[in-house]
Every structure is written in C-alpha cells, then in structure tokens.
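What follows is a set of structures for review.
Heads up, the next two complexes both have chain A, just with different partners, chain B and then chain C.
The block that comes next holds the complex of A and B.
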C-alpha cells in the first residue's frame, strides 16, 4: 500500500524539481535577452545598468528603454500564450485548440485593422485596447454561436464555430487590407508578431489583464482535470460544466487577447508548448498549466533572441521565428503521440 | 528585298508625318511622335504636380496613395480631374479608357527602369496612348525644367505672371537657404525615415532634393552602408547614435513618420533630437517652384534656429 503513495510523492518531487529547473532556465534566457542585441554591450554594463543606473550612459538607456521592456513583454506574452493554449486545449478537449482556433487572434486583428483604416489610429498603445476589445468580442460571438441548440457549447461546436467565425473575420481583414494599402502599410509590422518597439507603457497597460488571466487560468486546473474525463463524468463528479468551461474560456480570452494586443498575433507557441508540457508531466492540469507557463516564455524569448542575431544588421520578427521553430516541432509531436488522448 | 521594302515604307511614313507633328523624347530615351499636340493627358501624381502649376491640366491622375495623403498634390486645384488610381501600382483601367487619353505622362526611374506607378500601371495604360515624361535625376530643378519644356510643347504659356511669381518666390527662398547654410558652415544634417523596427538613414545620392540641398551648402551626412539599391542604411533603434548630426530631417510624406520617431525611447540618443533640432524632409515629392519654396523656407528657419555646435 505504501508503494503507490511514495511513487506519487516521487513524481511530485520530480515535477517540482523540473519546475525549478525551468524557472532557472527562464532566468538565464531573460539575462541572455538583456545582453543580446544589435548593439554590443558588455555584460558588466548590463549589470551596472540594473544595479547603478546612469542616465547619461547610452548603454544603460538601451538596456532600460529597449531591452528590458522587450524582455518583460516577451516573458508576459510567452506565459500568457502558453497558459491560454493549455487552458483552451483542456476546456475544449481539442488537441489543436489554440487562440487562433477560437477566433481570438482574428478578432484582435480585425479590431486593429478597423481602427487603423477608419479612425487612423496608428500608435502601438492604441492597438492594445483595440486588440483586446476585438479578441473579447470575437470570443463572445464564437461562444454564443456555439451555445445555440440544446446541448450548449460542446467542444466540437466551439471549434467549428471558432473556425467559421475566424474565416469570416479574416476575410473582412483581407478585404480591408487589399483595398487600403495605407492600412496594410501601418499594420504590417504588428501583424507578423514582434516584441521590438514595445515600450514599458504597453507592459503597464497589458499586465493587469495578464495577471488576472494567469490567476484565473491557474485556478481552473481542477476543473480542467474534471472536463478532461468527459462531460458526463465531470457532471457525475459534481462539476458545473458550463461554469467551468466559461471560466476557462474567459481566462484564455484575457490571456490571448492581452498577448496579441502587446505583440501581435504569434502562432504556434500556444499550440506547441502545452503538448510538450503534457509529454513531461503526464495528464493533470495542476502540472501542465505551470509547466506551460514557464516553458512558453523560454520558447518565445529564445526565438526572439535568435531573430535578433540571425540576420544582421536587420532583425527577424519573433512571429516568423516561432513559426519556423514551432511548426516542425509540432509536426514531430503529432507524429509521435496519439493526439486524440486528450 | 524585304529590307528595302521596309526602308521605303518607313521613309514613306516619316515623310507622311506633317510638319506640325508633336514629338518628345522621354526619360527612357524613346521619342514619342504624334500627329498633333496631345490635349487629353493622363498624368501620374508627380507629373501632375509638375504640370498643373504650369497651366497644363490633365484629364486624369493616378496617385500613389489616397489623394488626400499625396504630398505632391497638396495645394493644387484638382477640380474636374478624374482620379483613376489611389494606390501605388494600381489604376482603374476602365476609367482610364473612358477618358480617351492622347498621352500618358509619368516619370522614368532609371534605377528600376520603370515608369511612375510601376510596370503593371505602365502595361495597363500603354495600350490607350503612348507613355512619356522626364527622367528622375540628380536635381529637382532639372526635373522642373523638364516639365517646363514638356508643358511648353503641350501649349502652355510660360510667360504668365503666376509662373514668374512662383519662380521669383523660389529664387528668394533659395538665396535665404544659401545664406543660412553659409552662415553655419559647421552645421551637419541627417535625413531619415523612422519605422517601429528601425531608423532608416537616407543616402544623399538616392534623392534629388538631398543632392540639391548638398549643392546649396548643407552638410548632409552620407550613411556608410546603403541597401542594395543604394537608398538607405538601416539602423537598429539600439544604434541610432551612430551619427550625431546638428539637424535631423524627417521624411514628411506621411505625418506618422515623425510621430513614430518621437515615440521611440532612443530617438533622443541623437543630440539633435534631444535638443528639438528636427524638421521636415520633403522626401521625393517636390515637383514645382511653389512647393519647393515653401519647403526651403521651413528648412531655412530650422537651420537659422539650430545650434551648429551641438555635436563636434
């Protein structure tokens, strides 16, 4: 009788150690992000910039004004994307669920494009609010459409409604961009997904939402475990399915909307990372969620650093790098594991 | 035998052209010959900006952007002129055909060997009428003179007092500009376009008006590495202090460029930006004396106000 208990304890200890290692790796990658860039800055200057800031030093200003906000945005956006992907996959029991499946990216993109085309809003700080509103509205529409009918918002209906609404929203975006090259010109940079040029103001605007989203997402772990056994079992366990799914959906929207607002639509992070996390931890959202939250920023910031050095003197935007890094990774995963096991 | 026949035919054709035929040799080196001076003209936005002040009104204009945003057309009376394109590389071919043009006027860009608006536009319009126009060169003044020659051949009366007045205003503006630059021989300037991703520094040789400014005494800093077409050096926002001019000229084709520049935290790593020694660069769009005079006056004010010893 004692063996299973110690097994469980062993597993918990192993997974806790894993989390600590990931946290350590995250710190390393964040430091790397502070020391890597187009301008060569020696590590000791980076250290001095943080410990003894001197406003007259150009290097110190670069660290504080450019690299620090960029790193923080990377950490926040990465964590948000990883968590929202994991929560969405759990709540919809759809292994391919991703912020883009539920129309969140498309909604954010349409809101930004409309803002630029109709009202001439062109500064990143206004994109934040537009993207957030768009993401929320799109998710509401998708959820309402999926809720039509007697059985409510089932995973299949959610995914279908999401795909359909995404198609509609994207076609409107395309229509606007094709007829208004000026708008295309303005949003081209944002649309790819990038961490560059994001000031600390953006961090301040988005972080309250992301903090709420993170707390909400982590709190849904137990509900997601219930949902993963199927609606009937979850109901038999006394779970209020609609509430669980609603809370999880809200968390995902807040996280993905905030992330998209800050960095533009970034693909593959929210899709890939939860699968890797699940491969390490096994089922159980109590572990999948924190693992996703720590692994996704490592992937995102790592990709961003790669993009900064890969083609000097220019930079490759992080959205392009994650697509290159994430896609083959994801294909390998799909081929290795039975995805239907969710 | 066949060659002789062709020769005879071409001789016949050339002698058949009446003496009052209209000819013009365009920037592409091709000579366009018409039986009589063309009346119905479709012009690119830049050609329109060159011709309208000289009294030649096209029937249609194709612009590179929404007409309201087209710097070159600002301040010009466009009433009665059909707008047949409002985006670079696009033209409404049906509207163009309805206008029944006798001639299409654009500008020839020798680096790319294309007419204004790009190959697609030229291919769409050339079946309607021949295309011609001046060559993009190393001075806006040459371009304006080319437009004067073209306008005169099209029947414009260049002795009208408005035209003389525009030119006189420009001459005054030019004298003031030269006086300002010679009063501050140590003043250096840098022409830039600002994006969210990077700061783009303009090569002097890539822009006719920058070549003009330099020849009139403005010390423009020439960036080291320009892109493969020779127009820009891309500077990461981490490296914007590579050049330290006393005066920064910001591309004013779109108002957003200045806003974007000001929004970058490291914009002020350039001492001139910190000191507010920043003004407009009328980038690539000047085509007539009136507009040139206005922009030169702005520059003169900025040069006079600038501290030339801001940077060593």
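The block that comes next holds the complex of A and C.
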C-alpha cells in the first residue's frame, strides 16, 4: 500500500534535489561568466563592482558595461530557448519540433534581412524589434495554416506547415543575400547567434516578453501532459485541445521570438535540451519544463565562456560553440540511454 | 452473410485505391511532359514549336539547323533532363528516409546528410579554394561520410529510427556550425561563392552531370525496388517483421544506403537544392489519400517541382537567372500549403 506512495515521494525528492543542484551550477556558471574573458577579473573585484561601483576602475566598467549584460542575456535567452523547445515538442508531439522548425528563426531572419537590405539598418537594437515581429508573424502564419480544416492544428499539420513556411521565408532570404553582397556581409555575423555586444538596453527591451513567456510556458505543463496522451484521450478527459495548443504555441513564440531578437538565431539549444531533461526526469512536463529552463542557460553560458577563451585574442560566437559542445554530448546521451519516444 | 459483404467491400476499396493510384500517376506524368515541353520551348532565344520538334527528331531525320539544334539539344534539353533526374533523386531520398524513420520531418535536408554535403563543399570552396567539379566530389564525399557516421553512431545492437533521427539532427547542428564559422572567417567574395553553391543551381550544369546521375539511378532504382519488398513486413514493427522472416537490418541498411546514394549524387550534380526531398513524399501521399506508399508518384512530384522551379527561376526576373534553389523552396512550399488547405477542408492529412 505505502510502497508506491513512498516511491513517488522519493522521485519527487530526488528531482527537487536535482533542480537545486542545477540552480547551484547555474550560479557558478554565471559567476564564471562575470570573471572570464580577454581580461580576467577576480571574484572580489566583481563583488566590489556590484556593491561599490567605482567609475574610474576599468574592471568595474567592464563588469557593468559588458559582462553583466552579456551574462543576463545568456541566462534569459538560454532559459527561453530551453522552455520554448520543450513546450513545442510537447504541443506538437514531435521530437524534431523546435523554434527553427516552426518558422520562428526564418521569420526573424527575413525581417532582419529586409531591414538591412531595404532600410540600411545596422544597429543591433533595431534588429531586436524586427526579429521579434518577424518571428511572431511567421509563427502566426504557421499556426493559422495548420489550424485550417476540421480537426484544427494537429501535430503533423503543424510540423508540415512550419517546414513549408520556413522554406518560403528562407527562399526570400537567400534571394536577397545572393543579390545584395552588402546585406550578406552585415547579416552573416548576426546569423551565427552571439551574446557579445548586447547592452543593458537589449535586456530591458526583451525581458518583459521573456518573463511573460516563462510564466505562460510553466502554466501549460498540465495541458502538455494531457496532450501527450494523444488528442483523443485528452479530449475524452475533458481537455480543450485547441486552447491548450494555442496557449503552448503562444508561450513558445514569445520565448523564442524574444531569444532570437536578443541573440540571433541559435538553433541547437531548444531542440536538444528537452531531450536531455526528459532522459533525467522521465515523462511529465511538470518536471521537464523546469529542468529544461535551468539546463539550457548552463549550456548556453558555458559555451559562451568557452568561446571567449578558446581562440585568443578573438572570440568564437556562442551559436557555434553551443553546437560543438552540445552536439557530441547529445549524441553520446542518445547512444547510451534509451530515450523516451514522444 | 457478413463475410460476403466484407469481401465485396475489400474488393471495392482495393479497386478504388488502384484507380486512384493510376489517375494520380497519369496526371503527374502529363503535367511533367507539359512542363518538359515548355522547358524546351521557352528561352531568351525564340525557337518556334516546329523548330523544337525538328531539332528533337534531327538525329533520325537528318534535317539540321545548327543554331537551333545547339539551343535545343545542347542547352535546353540537358538542363531539363538534369532537372528531372535530380528532382526525382531528391524525392526518392526524402521519401525513403521519411518512410523508414516514420517521421515526415526526417528528410535528408533535416537529419544532417545535406548538411554533410554542404559543410564539405563550403570547406572545399573557402579553405581549399576549389571550384567546379572538385566541389561536387567534395560534396559527395561529405554526404557519404556524414551518413556513415550517423549510422555507426546510431548502431547499438541494431538501429532504431528514433536514434537515427536524433543523432542526425545532432550532426546537422554541428555541421551547420562549421558552415557558420567558415562564413564568419572568410572573405566576402568566398562567402558569396559558397552561398551560391549552397542554394543549388542548374545554371552551371554540364551534359556530363546528367550522364553520371542517370548512371547512378540505373543502379539505385532497381536496388530500391528490390529492397522495398521487405518494407511491408517492417511496418508491422521490427519484432513481428523478424518473426515473419524479414531481414530487418539488411533491408533498413540497404534502403538507407540507397537513399544516401540518391541524395549524394543529386547534391553533387546540382547542389543541396532545398525542400524537394522534404516536400515530394508528403505531396504524393496527400494526393494518393491513402492509396499506396507513393514512391513512384513522389519521384514524379520531385521531378515536376524541380523542372517547374527551374523554369520559374530562369524567367521570373527579366535579366537575372535566379538559382533554382531559391524557387524550389517557395514553389514547393506553396504547393504543400495549398494541399494542406485543400485536404484540411475534407478533414484529412496524411
């Protein structure tokens, strides 16, 4: 009688402990991100810079102007990417679903490319709004196309519509980049995905969206659990399928749109982190979502730190390092464990 | 009583399926022939219909007109043939992976094989400074090595579809990062050259490309047909298939090799033209509406999408020849969206 209950309590205790450990690791990584770079700054100076700012100290200025915004952007973008990936995989029940499959990255890229090619924009802070609007529009189109027909936005229709819209948008992007070398030159650096050079303004611009997105995403956990049983079962249990998918989609687009706006398109994090989280927690989005939210920024910030020190005096953009750190780890995990199918 | 009724129903359904298959195939063939004829007829240099027909028959009739023959037989015909062959190859590569891995998103342009070809080609262009045929060899090698690496990494007492897909996208992410890295480190002119290759184009096609690709298809298509027999049993699940005497691993490895062959030869010929591999299978299946697996129909759809896209790419803008890859994405996607909407009305997507 008591055995299953205590088993469940054990599991909950174990997973809570895991979450705390991840939060601790995240704090360590964030601190490392403040101290590491072309000019190493000891932790004491970091502490002084935050508590007793001295404008004449170069170290203090580096912390406030460069490292702190960069670290905050990394934390926010990482959490947003991890969560949006997990939510999208749950809502579409497809292990390959991620923001880039559903047109978000392509929409953001097209908006930025158009801004550069037509209006000569070169400021990162103007890209933010362009990328956000582009991502939102793309996802809206994908969702409306997939919702046509009697049974609404089924997983397979969402995936196909997303891939189709992505292809259309990418075609336009390629056509512009091929005919306008100036735009190609400007956009090739944005397209990689990077945390460098993001000022505190960008943090202030995107963080309201990201906070709303995080709350909305965490609130959909129960609905995603329902959807994971299949539409028919979920409907039989009284769940409103369209509403659930709509809310999950909204959360994903706000999160991924904000993340892409702040850091450029970073494809790998949202796709793979939820799989790692699922391998630890087992099914159940109540746990998968917070695990994804904490693990993704660890991957992103850790990669960013590595990118700063790996090829001095230059830096390697975080989008590149993430793929090179994350992919082998992900492949090893896929090989070693039997990952749960969705 | 009921059994008699059931049997009549089964027979009716089967006949209906066969009818639908035949109608879809015929419609696709007619459309392909029409677009092919259009491809021979349209161009900057106007050739009347009689001229096109005379040129096509000139090897038999001996009636030659050197200028017109050159345009029709040396320029337009090889280009149209290459479009048909490469489109069909991409489509077959796509539908094999989509069927084997049981996921409509699992086409070679998503699970890393196209990325292998692209990363290798970009490396050849930017680091080694190659161009032309050498890049094609590089792309071919990249595709084969990537596919092999994915298969070996996914091997663990056999290969499951889910593992291949996940390892494939891991590889895809790494290779995409290689391309991005090379793009940020290279001179702009090299980036432009690489970018042009990545989009995929028939503008620089040579007659030799069609001969190589055609020869490859002569080997690959019979191999695919032979292997497809094992697939029916495999759709019941690996264990059931094994107990029915199907050679599961052999069939799967064989089909994957064939699919990689299709993708690699086509990519070497025209570059990693996007979306044809992805879209052809779902399009063919939506048209068939459950009447068959749709391999031949998918090949026809692929050829049609490629040929029509190339025609549009050549004539859309007055003085510019767009690369075909720019159009396949848009054209194939609009085609797919239209079908999604049309089948959405009747409430069925497969």
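The rule we apply is simple: the second predicted complex is superposed on the first by the 330 of 342 C-alpha atoms of A that agree within 3 Å, B and C clash if a C-alpha of one lies under 4 Å from a C-alpha of the other, contacts with A are read in each partner's own complex, and residues count from 1 in each chain.
Note that in this section contacts are C-beta pairs under 8 Å (C-beta built on N, C-alpha and C of every residue); 3 or more make two chains touch, one makes a residue touch a chain.
If you're wondering where the values come from, they're calculated on a predicted model, not measured in any experiment.
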Problem - Joint occupancy of chain A by chain B and chain C, clash or fit - result: fit
Practice task
Using the touch definition from the top, say if A:211 reaches chain B (first), chain C (second), both or neither.
Solution key: neither
Exercise for the section: Please indicate which partner A:335 is in contact with in the superposed arrangement: first for chain B, second for chain C, both, or neither. Expected result: second
Practice task
In the overlay, answer first, second, both or neither for which of chain B and chain C A:170 touches.
Solution key: second
Handout entry: Contacts of A:192 with chain B and chain C, given as first, second, both or neither
Key = second
Exercise for the section: Using the superposition on chain A described above, determine whether A:65 touches chain B (first), chain C (second), both, or neither. Expected result: first
Exercise for the section: Examine A:315 and indicate which partner it touches, taking first as chain B and second as chain C; both and neither are also allowed. Expected result: first
Problem - Partner contacting more residues of chain A (chain B vs chain C) - result: C
Exercise for the section: Return first, second, both or neither, reflecting whether A:267 touches chain B, chain C, both chains, or no partner chain. Expected result: second
Exercise for the section: Would you give the minimum C-alpha distance from chain B to chain C, in Å, for the three-chain superposition? Expected result: 6
Problem - On chain A, positions contacted by chain B and by chain C - result: 181, 189, 317
Handout entry: Parts of chain A lying in touch with chain B, wherever the complex brings them together
Key = 37-39, 58, 61-62, 65-67, 122-124, 181-182, 186, 189, 194, 196-197, 199, 313-315, 317
Completion exercise
Within the complex, chain A is touched by chain B residues 65-66, 69, 87-88, 195-198, 225, 234-239, 241, 256, 259, 263-266, 269
Exercise for the section: Note which residues of chain C are touching chain A in the complex, please. Expected result: 103-106, 110, 153-154, 156, 162-163, 165-167, 169-171, 173-174, 176-177, 180-181, 183-184, 188, 191-192, 195-196, 199, 274-275, 278-279, 282, 320, 322-323, 325-330, 332-334, 336-337, 340-341, 343-347, 349
Exercise for the section: Over in the complex, which chain A residues touch chain C? Could you list them? Expected result: 94-96, 101, 145-146, 148-151, 154, 156-157, 159-161, 163-165, 167-168, 170-172, 174-175, 177-179, 181, 184-185, 188-189, 191-192, 267-268, 271-272, 275, 316-317, 319-320, 322-324, 326-328, 330-331, 334-335, 339, 341
